Structures are given as C-alpha cells and as structure tokens.
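Structure, as structure tokens:
For reference, chains read A, B, C and D in written order, and residue numbers begin at 1 within each chain.
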Amino acid sequence: MTQTTRAPINRAESAHTREWLARFQRVRSASEALCAPLETEDYMVQSMPDISPPKWHLAHVSWFFEAFILTPYLKDYQTPDPAYDFLFNSYYETHGTPFPRHLRGTISRPTVAGVYQFRAHIDQEMERLLSAPPLEHLDEIIDRLEIGLHHEQQHQELLVMDIKHILSCNPLHPVYRDDVRQRLLARGEQVSAVQPLAVQNSYVHSSGDNEPRWHRFAAGVRQIGADYPTQSAFDHDGEGFVFDSETPRHRQYVAEFELADRPVTNAEFIEFIEEGGYSRTELWLSDGWSTIHDTGWQAPEYWEKVDGRWHTMSLGGLVPVDPDAPVCHVSFYEADAYARWAGARLPTEAEWETAAVDQSVQGHFVEDGVFQPLGAADTQDQGPQQMFGDVWEWTGSAFLPYPGFTPLEGSLGEYNGKFMSGQMVLRGGCCATPGNHVRASYRNFFPPQARWAFSGIRLARDV
Amino acid sequence: MTQTTRAPINRAESAHTREWLARFQRVRSASEALCAPLETEDYMVQSMPDISPPKWHLAHVSWFFEAFILTPYLKDYQTPDPAYDFLFNSYYETHGTPFPRHLRGTISRPTVAGVYQFRAHIDQEMERLLSAPPLEHLDEIIDRLEIGLHHEQQHQELLVMDIKHILSCNPLHPVYRDDVRQRLLARGEQVSAVQPLAVQNSYVHSSGDNEPRWHRFAAGVRQIGADYPTQSAFDHDGEGFVFDSETPRHRQYVAEFELADRPVTNAEFIEFIEEGGYSRTELWLSDGWSTIHDTGWQAPEYWEKVDGRWHTMSLGGLVPVDPDAPVCHVSFYEADAYARWAGARLPTEAEWETAAVDQSVQGHFVEDGVFQPLGAADTQDQGPQQMFGDVWEWTGSAFLPYPGFTPLEGSLGEYNGKFMSGQMVLRGGCCATPGNHVRASYRNFFPPQARWAFSGIRLARDV
Amino acid sequence: MTQTTRAPINRAESAHTREWLARFQRVRSASEALCAPLETEDYMVQSMPDISPPKWHLAHVSWFFEAFILTPYLKDYQTPDPAYDFLFNSYYETHGTPFPRHLRGTISRPTVAGVYQFRAHIDQEMERLLSAPPLEHLDEIIDRLEIGLHHEQQHQELLVMDIKHILSCNPLHPVYRDDVRQRLLARGEQVSAVQPLAVQNSYVHSSGDNEPRWHRFAAGVRQIGADYPTQSAFDHDGEGFVFDSETPRHRQYVAEFELADRPVTNAEFIEFIEEGGYSRTELWLSDGWSTIHDTGWQAPEYWEKVDGRWHTMSLGGLVPVDPDAPVCHVSFYEADAYARWAGARLPTEAEWETAAVDQSVQGHFVEDGVFQPLGAADTQDQGPQQMFGDVWEWTGSAFLPYPGFTPLEGSLGEYNGKFMSGQMVLRGGCCATPGNHVRASYRNFFPPQARWAFSGIRLARDV
Amino acid sequence: MTQTTRAPINRAESAHTREWLARFQRVRSASEALCAPLETEDYMVQSMPDISPPKWHLAHVSWFFEAFILTPYLKDYQTPDPAYDFLFNSYYETHGTPFPRHLRGTISRPTVAGVYQFRAHIDQEMERLLSAPPLEHLDEIIDRLEIGLHHEQQHQELLVMDIKHILSCNPLHPVYRDDVRQRLLARGEQVSAVQPLAVQNSYVHSSGDNEPRWHRFAAGVRQIGADYPTQSAFDHDGEGFVFDSETPRHRQYVAEFELADRPVTNAEFIEFIEEGGYSRTELWLSDGWSTIHDTGWQAPEYWEKVDGRWHTMSLGGLVPVDPDAPVCHVSFYEADAYARWAGARLPTEAEWETAAVDQSVQGHFVEDGVFQPLGAADTQDQGPQQMFGDVWEWTGSAFLPYPGFTPLEGSLGEYNGKFMSGQMVLRGGCCATPGNHVRASYRNFFPPQARWAFSGIRLARDV
C-alpha cells in the first residue's frame, strides 16, 4: 500500500517504534477493558443485522493486523487458523469473500477464550515484528499500524454502541457496569432535588433562559478537511492522523450562518413529542415519514414510559431521562424533523467544521466512563459548547467524496470511500468515542434511519 | 386441568411418587448430559428462526414444571425471577404473551450458569413437592408431571437436532463429540474396505440384491391410534402414555398395500440426484418445485461435495456419506419426489401404523450415542426393518385431528392440537429420539419444507 | 394422453360430435357472457397475486384447447401468435416455462379485443376440427375436450371471484351489474320490513328456533369418490365426468356423526365477532392466530362497517349484510375457529360426501345471476339443506390423493395432483359455480388463508 | 400560497391571462398527444411500484389544477367525483391521505374515457376561470398555474419513461409508434453501412479519435442556482420559471476541473461490460455491489443479447444498440463504477452547471419524436456538447437543499423539499423532456438504483 498523495516519511530514522509499540498496547488493552464487564454469553449476541457480536469485534480488529501487517511483513508468521481470515474479514471484498454479516451471531467457535487467545497471539507477534522491523518496509508498517489502531478505536466505539443495544434487547434490563448505574441515578436525584415534580414530568421550559444562544459566523471561502500530515508534524501520538475521507483540505464557500451554542436537550425533544411532532407530516422528509410509519417510532431509541415518565435504557440499566442532557439515539429523520419544527435546520458539515476548527477537543468521552451524554454547564457567551464528545451531531450533508479525493490503493481503499452513498455525516464524537480519536475534520457517517449510535442534534439557521 | 375423556386414576393409593421422582431425575439428567459437550457460546446460538438456543431449551422445559406444577401446587413456591415466565414460555398463548421466538438468540441473561441454577432450583422444588405431595391434587400433579417429562424428552430430540444445525453453520466444521467422529469415520473405513472406489463414488447399485423387498398387508378395517390408559395399565415407567394427538383409538379402512422393508438409502438417493431428480418438474408437487427453486436445494441438508464425493456434516463433524445408511435430512417434498421417481409413494400414517403395531420398539436411538442413522443388517424376509429409530419416516398424511379427538383443557390443550394445520406426519422416531419416548401410535409432525429433523423416506405402493 | 386406468370409449361409433360441438359453444358463450358487463379496463387488473386479469382467464382457457387439442390433432393448425403459448400457459411446467403469474397484470397486449379474436379463432378451428375429426384420435380429442370444458367452467367461477375482488379494491365501490344490485337491495328491504331495527344491528338469535338442526349419520364403511365413467354411462352432457382427483372410488370407515342442516349464517358469525372471537387465542390454530395478527382481520373479506352496521361489497356494490344468508369469504382458519367457538367442528370430506351423495344438485348457482349466497327457506326436518350452491363449505380434510390415485399422464397430469400439498378441501359449489359443474364427489381446494372464494361454514359434531 | 421570498407580481396589470390560457392548452394537448398511440389496456399497467399507469398520470396532473386552483378560486366549482381527490392525489400528505401508490394499477374505474372526461372538465373550468379571473387572487392563480404546467410537463416525461417500461415488460416487444421504429432502424442501417461487422460486434475503439476530449474550467467562486424571477423578467412563456429546489442563487467555490465533451457512448459502455466491469468489486460502491448482486444486472436496463449482439427495447420496439449513441438507462451505481473504471469521476452538480450555464438549451427533446438518445456530430473543439437533451447526466451530488433554501408554504411545499433524502441529482434533460421545461439550473433527482429514466453518464476529472 503506497500512497501516492502522501509525502514519504522515513520512520526508521525517527526510531520511534518503541513508542508505537506502547501505543499499540494501550489501544489493545482499552478494547479488552471495555469488554471486561461482559458475560461470555453477551459476546455472542447479534441483536440486529447492523450489530456485531462483541466477540467478532475483538477478533476482527485483530484480523486487521494479521491481514495487513503480519502476513505481508513478518517472516514465518503463522496464523492460529486459516479460516479466521474468512470469518473475521468484514467488508474488504477485494481481500476475499467475507462471511455473511447478518450471520455473525451464529458462530460459536472459536469461543470467547479462543478469541482472546487470537488477540494474545497477534499482540505477541506484533511485538516480535516491532522489536526488529524490516527497515525497508517500516514506513508501510507504521502507516498500516496507525490505520489499524484508529480502526480498533472505531470498533471500541462500536463495541459500546452494540453492547448497549444487546443489553437493551433483554427485558430484564441488565446493567453493564454498576458504577455507571450509580452515577446516573445520583445525577437523576440531583435533578429531582432542584426541580419540582410537575416540571420534571412536562419538561416545559420555565423561561427563555433555556433557549439556545446563537453564534454567528461570517461568510467566506473556508479551508475544509485535512491533508495527510507531513513528516515533521507526525509523531507517535497520532497527532495529525486523518482518514482518507477527510482529505484533501480544500476550499468551500460558506455563507453567513448561525449555530446553536449547545445540542438540543431531552426536555426540548419531549416538547416536540408532546406537541405531536411524530404525527405532523409537514415536518418530515418523505423517507422519514415512511420510516416512522413502518417502525412505529414515537420517541428516541431506548426510551420507554414508566409510570408516565420517560425512561431510557443506558449502560447503567433503565434510568429516568435527564431533561438537561442532550437528546440521543435519534435518526437523521428525527433530527431533521425536530429542526424544522424548531424553525431551524441542521448545519452542513462545512458549517460545523468552521465553528469547531478553533476549539480544543474537550467533552465527555469514553474514558470518562459515563457512557451517556451529559448536560453542559451554562457557559454564557463563550461560543458553541460541547462540539466534541457527548453526542455525534447529525449534519445536513451527505457523506460524499471531497473535491480531489483519492482513496487509498489496494484493500485499504475500501475503508471509507465505498460507503460514500446513502449516508449522512455526523460530527464531533460522543461519550463512547476515545477522546484522542476525534478531531474537527473527522467525518462519521450513518444511514439516515440509524439510531443505535449516540447521535444527537445541534441546530443551525440562516441569517 | 381435568380431562373429561380420561378415567380418573387414584395415584395416591399407588404411592408411586418415589418412583416418579426417580424418573423425573433420570429425564432431567439426560437433558444435561446431551449438553455436556457444549461450549458456553454454543448454548447461545439461534442459527435460524426454527432453532432455539440450547440454553432456551434447558430453561423452557424447566419453566413447564414451574408454570404447570410448582406454581399451582407447591405452597410458598418462589420463582427465581418472575420474568422467566415471559422469557421461557414458548407458544402457550393462553398462559400469556411469549417472548418473540425468532429473538431467542438475543437474550444473553440469564447466563448459561443462571439457567443451570434455574434447573437446580426446579429440581429441588420438585423433589420437595413430590416428597410430600398434596394428596387432593396428586392425580393432577402426576398427570402433568408425566406430560412434562415427555415434553422434556421431545426437547431432548430438538436439542440434538438444533445442536447439529448450530455447529453445521460454522465453516470450521466443529465436532460435538470426538467419540462420535471416531465411530463414524471407522464405519466409513469399513465401507471403503469392502467396496472398490469407483463404486463408492457413483453409488450405482451393483445388482438387484440391493432393491428393497416389499411386504404386503391385507385390506380391512384397522384400529388406529391409542386411548388414554386406564388405571390398571398405568405405571411410572410411562408404559401406556400417549399424547392427546394420538387419541382416540378409532377405526380406519385400510386398503391392501405394500411397504418396503427398509428406508431409502443414501446410495439410492444419490442415484435420484444423478439422474436429475432435482430438475425434473414432473416429479414435484407445485409447492416443492417452488421451494427448490427458491432455496437452490440440490441435495439433502448438510451435504457438500468434497473432492467429488458427497460428505455430510454430522455430530462427529464432516464425514463421507455412508451409502448404506438411510438418507436423512430430506424435506417432505424431496421424499415425495423421490417416491414418484421410484414409481412408488409415501405410506399413509394408517398404513405405517398397521405395519408397525406388532413390532417391538427397537433401533438406533439417542442412547446409542451415534447421532446418525445407520444401515440395517440384511435381514432377508423377516418383515419391515428399522420401523423405529434411525430416521423419522415422512408419511403422505397431513397432521389432522383423529375422529373424536378432544384436546386437553386449559393451556395444555395448546400442546398439539393448535399445530394441526400445514404439517405432515412422520412416524417411528430417529437416532436422536429417547428410545422409551416413541411407540407405534406416536405422531410427529413438521412442515413439508423442514429438513433439520432426522427425516427419511420409506416407500409404499398400491397392489 | 392415454389413461391407463380408464376404460376405452369408442366415441366414433356414438357419432356425438355434433352434440359435443354444441356443448363446447354453450360453455364458451357462458364465459363471454360473464365478462359482458366489464369495461375494457377491468379486464386488465390483477388486484393481488392470486387473482388473474379477466383477459388472461379468457385467453388461458382458449390456450388449453390450442395446446392440447388443436396443435396436436388439427392438420395445418396455425396459432395467431406463437408467444401466446408462453403468455397464456399457467402452471403446466412440463409444457414449458409459464410467464410469471404475479406479472399477468402487466401485459397489455394482446388487447382485450385481441383476446376475443383469439377466442373466435379457437372457436372456429375447434368447429373445423369437430366437423371432420380424425377418427383414430377421436377418443383422445373428446377426452381432452371434456376436460377443457370443465376447465373453462372452473375459470368461469374464478372469473366471478376475481371480478368481485377487482371491483372491491376500488374505493368507488363499482357495481358489476345493476340488476344484481337492485335484487340485493330489495332483499335487504324485505329483511328490514320483518325485523325491528335493534335486532338487525345486534343479530342476536331471538329464540332457539334459529339454531341449526342436527342430522345423524350412522357409522360404517362408505364408498367415497368416483371412478372414471364406463362407456355406457357416458354422454355428451358431461354426465358422469369426474376429475382425476376424485378417483378412484374407494372405501372409508366413517364413524357416527352429526351434520348441521344449513350453513352458518351472517347473524351467527356476527355473534362470534361480537363475543370477541377474533381475539381469543384458544379458539385458533397456531397458523390462524399468526394470520389474523399479520393481516388484522376482524371480519370476513369484503365487510366494512357503515354507520355502525356491517356492509359487504358484492357484485351489486356495497350492500348491507343479510343476517339470514350464509356467511361467506371466510378463511379455513376462521371457519375452524368459529366451529370451535360453537362447540362443534368442521366435517371431514368423507362425512360431507356421505351426507350429500343421495341429494340432488340443487341450490343457487351462477346461472341464477345473484352472485351472492342466499338464506334457505326453513325446510324443517327434511335433512341437510343447501349442500350444493351458495357457498363452498370448508372441510377439515387436507387435499391429498385418494388411496390408489393415479394422475393423468403427460402435462394434463399436472392438473390437480401437483397441488396436493398445503391446501384444504371445500365441497358443494357456490353461487358462482356453473350448476352442471359440481357433484357430490367434487373436491375443490384452497390454501387455509384464502378468502376470495365464496367459502362458508357448515358445522359437524361427534355423537 | 404566499411566497415570502418572492417579489409580488401584479399580473392583473399585465393582462396576460389570454396568453396563459393558450399556454395551458398547449401543455394539456401535449400530454394527450403522447398518449394517443396507446391502447386502452396500456393505460392500466403499473409494471413496477415506481411506475404509474398512464391513466393515473393524466388524471393526477388534472387533479393538481382542481385541488390547487379550481376548488379554492373558482366560484361554484363542482368536481365530477369527490373521490378523485383521494384517488389522484399523489404524495401531498398535508392535503389528505393519498391512495397507496403501489396499488394504482388496480383501479379500473374511472375508465380511460372517464379520465379524458375529467380532463375535459378541468380544461373547460380552467377556461372559465381564466376568462374572468378574480383579480384579487390573480397573482396566486398564475403562480399556481405556472407550477401546474411545469408539473404536467414533468409528468409528460414520466409518461414516456413509464410507457417504455410498460411496453418493455411484454415479451411481445410491442411498438409504441411505428415511425419511431422506422427511424431507429434506418439509423441502425447507416451505422451498419459505415462499420465493418466485426467492429459492430466488439465495439472496440478503433483509434484514440473516439476518446472524449476534455474541457478545463478554472477555479473560483461561482454563482449556482437561480432566484425566483422578478416581475419584469417574467412572462407567459415560462421564461425564468424555476422550481423551489433551484433556489436561491448562491455562491459555491468550484475547484479547477475538466469535463468530457460528450456523454459516454454505448460502445464505451460495452467495453466496460466486456472487460468485466460488473464483476470487479473494487469499481463499485458498497451499495452498488449489493444491488448488482441482488438484481443480477449485467447490462443497462432494457438490453438483451440477440444472436450475440446487444439489442435494446425502445419506443420503436427491439432494436440493435447504436454504438455511437449515449449509453442510457444506467443507475447511479453503474455510472459511478464506469467512471472509476475509466479513471475519472462524475461531475458535481456545481461543476455541471458551471459548464452549462452559458450554453443554449439545444439537443434532442421529446418534441423531436425520437424517444431515444442519439449520438452527437463530432464538433471538434467547440466545448462540451449535448449538455441538454438526449440523456440526463448523473452527478456525484446528493439532492439536498441549497444554502438558504425555503420550501413553498402549504401543500405545494411538499413538491420538492420532502424528497431531499436518499436521491442523487441529474442534470440537462433527455429525449423525453419537453425542451422548454429544462434549463441550466434544473435539478432532477432519482434514487441511485433507478434505471427507468433516460439516465446517462458524462465524465469529469480533477486537474
């Protein structure tokens, strides 16, 4: 995999392979830490076709290192089982025919223990490789290693999303981590303490104070996206890494616009529900209207009413909906309908990036161990808040190639480019994203009907 | 649950509850023994909607005792979790709304260990109940206990069928029990030793010696089915137990017919395949023709060609097809088409029962631990062989109520009667059936397209 | 097509070909008379996959004479278009691949006028053939002609059923024939005149007088079915014709049973609805329960409530439901559930035939031009009434081959035998059946969920 | 319907209503002229859910004038049938619940004659209205009239597309107009006359002369889209009309790019086929790869091989594929895969508009009566050819709102905005488009898998 559009980096000189190995180990451990609270049985579940069993995630990210690094570059590398190449490939059609995605939940062997052995094997062999790398391929190895680590971080977020869905399918409302539950319940009590009950139930704005504030951005030709880093900017912390879909950095004319200072809250979304948002056809895109008709959606994913009050499944089990937290697990269709109801619209991804590009990447990420978006402190007029973390923010932009986009060559070229159809862009990361995995130019994407991501809403409007 | 059509039996007098408890424990242990070779992960798989995860089977048969015996009759009975009544109910709609069948594979909690705890709890409480049964309900308790044990035995067979399907979905071809594999492979070598290779591959009949022999049965009014046993005939070995669908014993006029002395073999079915059986429309029922068009079937379930020779997945993994063994895992449509191709037909269930009624229940059952049908020794002119065990034999009869049939009252009345639509009757038991569970009047049933049962073919013809 | 089981008939000697031609012309005219009230557009509609456009029916029955008589037996026969053999074949797979059934409504050419030209061509060529038939094939020609005429009569009934469905899909409630509407409305007024309004709306039995009377039939071995007629019994009126599925005449033991003297009425079925019949799971077969869940059925096909009163689409448009008329357009599942609710069951086809065999074929048929079942006059104790005509009566018997059944050879053997799977038998004909087309041994069949036939319910019970 | 973003136009002063009436009559006549070659039966067919029966199109465009002009503005207006408002509404959910789209082919009444009566009624009443319009509403009436006429012109194109599909479903290959057939066949003979047969069959480029020429466009901020016309620019010829989706005119930065001088030809696309384009996964978007797997596409819609040579259904029946004509009836997925195979990409809609904005609207349109795209004369270096007419050109842009887009108010706001999800933009019009209906800013859109539009490919590339 040589990248024609990227400047060559002589990593051998930098002799940073020790640091790369350490980073590799950190990322690998983080995946296993996320699965530590699971029972063996949880690892097996594919609760809908989009979901993969946690076991599969753990094996697939390991397969990536085997297929793209160990097999081509490590002398005498032996796979534990040649069939893994078939079982744990995902969508890399040019690498061979993957096992059918919707049947992943039917594969009981290798067992969970076997998958962990596979991981240990990969870890050990990667250590062997990085301890004495073939210098003539070091650049390629590090390139692929870096992609492999970001790939595994993407799957860490998918693991959290999928585990939430898997446990939520169970009418017993199982709890992923008890400390998460305690924290969420404690937060709920704080809310109860400061709000009279009537307010809690209706979630009516008590005053205009709760309205979002709008920040205005001037018109102009903006630089959007990112280029592959040059050598000097590059280091082993992944500073400067970008996916191909974020490239190249290019110009876009962005007209004057305003952006809300915070995501839409649960209280606001409940108001939308209570005012009949789900039954007013004029608020919905045609496909969205069909979707809510076919699915019967009347509230965000995971919500259910208990004794007249909205609750939601979380990784701490069933908890009351926090009115001040950003609404989450809504589809693009719901985000778009909400925005129309509110007399606003979703931002384009260029607008979002314009607002985010000068901000530091701060917010609630997976490392915070809350696994649920939280409400922001009121920060007055300090500009848009919570651009990063908590909830992915649906944009009004389709996931399409940037002008001048060139996919990576070979199988890795399937990484993003082949999904550039039928998907919408989300920006900013969420409470399940590793904090060092996201950046202003990062483009996440889901089909417009997807709801199992931690997806929320930020409003924009024309001036 | 009082049965109006059944004579009351005062079991209290018989004081056989100790023996009933022992029988209960034998059946319960047998279920767990069948699951002993499984990995935890195997217990979770629902490889198609008709399949249930083994974990579910183990819990569901226990739920039966809880719902129909412990809850109504054991004072102070406490369930480990009230949600189990919802999760492990199957189709007893009058008992409540069951959890959707096709989603059983998504339920990771209770874990497998939790299900075994549930079983232990049921076993302990049943022991408590049977140690000091409420005499005024003893008849009902024993009635239900007996049904519950036969119900669990039915699920033992389903466990074997489902485990076979679960492991067969895995391209790694996992082996259920290594001793089964050794036995099947050894048998294959014997076959190889006595047959030249060419014969093995083409499976052509070398001579007319292989043709089935036909046994003729005279016309007449026959007694078909069974009545509920009277008190004197009844004992704790289940002698005389029948399901409601086998009742009442009634008259049918059966015209003269002939029945083959053995099931159709794999060698014969391969001949059907090689002569284009799957592509000759005139051999097929209209629904069968649509089915093979939609599914692409070209051979029995689990067959695949390896190096030009037919192999089949078994509970010993992938093994060569044994030409002398009865063909297995064919649908009713394939059985019917085969019979038409052979110039014969399937027997009616009355014909089958006429031939079987005087035979002893002998054959290969689950206790034999082969889990695969075996060829019979050539027994010359001793009458139809292998009527019991090895393979269930498709009949040409739809599963419908017998004249005078009255279903059990209450929820247990859902047991068989509600499935009397769209299904065909199979007779005789198979290599996955507990030997003491089957009898001449036993009516098994599956939809005509089902193939994951151990279902085979016996031919009949008019005179 | 030689039939091995049928005695040869030297029709040449009988010199009845003129009479056969006349009969041919009568049947052909009757088909066209049924379509006379249609608009060209009506001929095109396929309102569900089971329905065929009337245009297709008219062409298909003509194709039958072309494919099985004219092409093989008429020297120099020229088809108007060779593609018709593909377009208008139905399910005779051995004759070639039929055009996909569910797409019949997409074929606008040949036009309706073109189809009538095709019919005229066939009529003319059949006249040419029968005017100077090749004597050496006369028996075969007459055999096939007779089947062809019964085949066309079957399609006459299908035409009525399908036209009803086609017009009923239209929210404008179009009327097929205005005289039918006048007659049905007049009948409704008579009902109104003699019943107080309260009774009309609730349809409660005012007294036990309305209860069906039960007729008892003794146990014994019965002769069921029919044999192909011998030469002497045969004549050109079709006396003695039977379909292969009715053969051979054979013995069945029929236990003592009772049969209701009339079909279930609309008033009775409304009582079933009002007492929650559609929501009581214990009344339904498992497949039936799924079906009403999936479809949302809460009443027979074509019923809708207008101002609190049940109405039904008819060939006279939307009319009030006549409480005294037999209930119609119910599925087998609904018939079965109704019977269970009423403490009875459906008769087997042998029971039905036992009761019908000595009755003359009298009732409301298509010739009566009502196209809707009518209530019978109260005939006191004269035995079962309305066994023929008005509504087909669901039996509890699956459509399976009789003992000794041999299908016709060649393509005509596909006529009935290949549908002997997944269907239930109905008996007796209906208001859309040609009166000389039905007889006591006639076996109609539909899948258990079908409702667009004029299918009703007669109860039976054990003694 | 007041449009807040549009300048008020006092049309009363302009007294142009007579001209508007004349234009109304021209457009209405054109619709009927397109249907003149149809048989009554053709008007009924819905050959797939996306298709509407021609009868429905003719009624629906008339309903638009009734619902949005006659009912609100014509005193004493009487509808011929109130049910038409339900039957012939399409997707205007806010106007009421439309009749289910996929069932349009089941509605035989009103008949075709009835629909023409409805049209005559609308025409007459529109004439009555426009002869003496209520001056206080004249602006609104003319606004809506103009939209209604463009709406009817859109349906004229849909009529051609749908008629082509309807006739193509018929294995008889019916011809829409014989003169079209003669013209296409004559053209084919010309091609045959100048090309040796071997070249015809393989369609190999004989030399680089056939390669498209590339035109380069400089980078810069461009004005894209259109504003609603101001009063002075407006006249009754529709000059200046735009749909809401084309507004507002806004700035976009367009980087330097090159555009091919002509659409991709059939010869070039056959080369793609012959080089395995349909089986090379790396050329396809993930959704595209699934689509060709599910559908089995191996060539454009309507193509079939006859005696080794590609033919295509046309409105002149089955004709040989013209190698020099633009390829047509390809999906977005095929267009995208072809572009990748050719080392190029599809243009964005901004790029396309940049190239088209200064060109006059010339090309083959529906008025030319060819109904099939034709090859362009070689025009050397005169800039991009055939930007208008012949084939719609897929762009790489999703159909999304322009910055500052505001949909029309009320039901008409459903016109375009609600489809801004899941669709791709096409530009330039085709051989089925009325020539005065298209313009450089016109945005057509279809789902990426649609093929029944006259959709082709023009390549672009980065510099």
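Everything below uses one rule, namely that a residue touches a chain if its C-beta (ideal position, glycine included) is under 8 Å from a C-beta of that chain, and two chains touch if they have at least 3 such contacts.
Because the structure is predicted, anything quoted here is derived from the model rather than measured.
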Set of chains whose contacts include both subunit B and subunit A = none
Specify the chain most distant from subunit D by Cα centroid.
-> B
Separation of the C-alpha centres, subunit A versus subunit D, in whole Å, is 39
Compute the distance, rounded to whole Å, between the mean C-alpha positions of subunit C and subunit D.
-> 48
Distance from subunit C to subunit A - Cα centre to Cα centre, in angstrom = 60
Multi-chain contacts in subunit A: which residues touch at least two other chains?
-> none
Inside the complex, what are the residues of subunit A that reach subunit D?
-> 91, 93-94, 221, 250-253, 255, 257, 281-282, 284-289, 332-333, 336, 345, 348, 396-398, 400-401, 403-404, 413-414, 418-422, 448, 462
Residue ranges of subunit D in contact with subunit C within the complex | 39-47, 55, 81, 83, 86-87, 99, 103, 105-112, 166-167, 169-172, 174
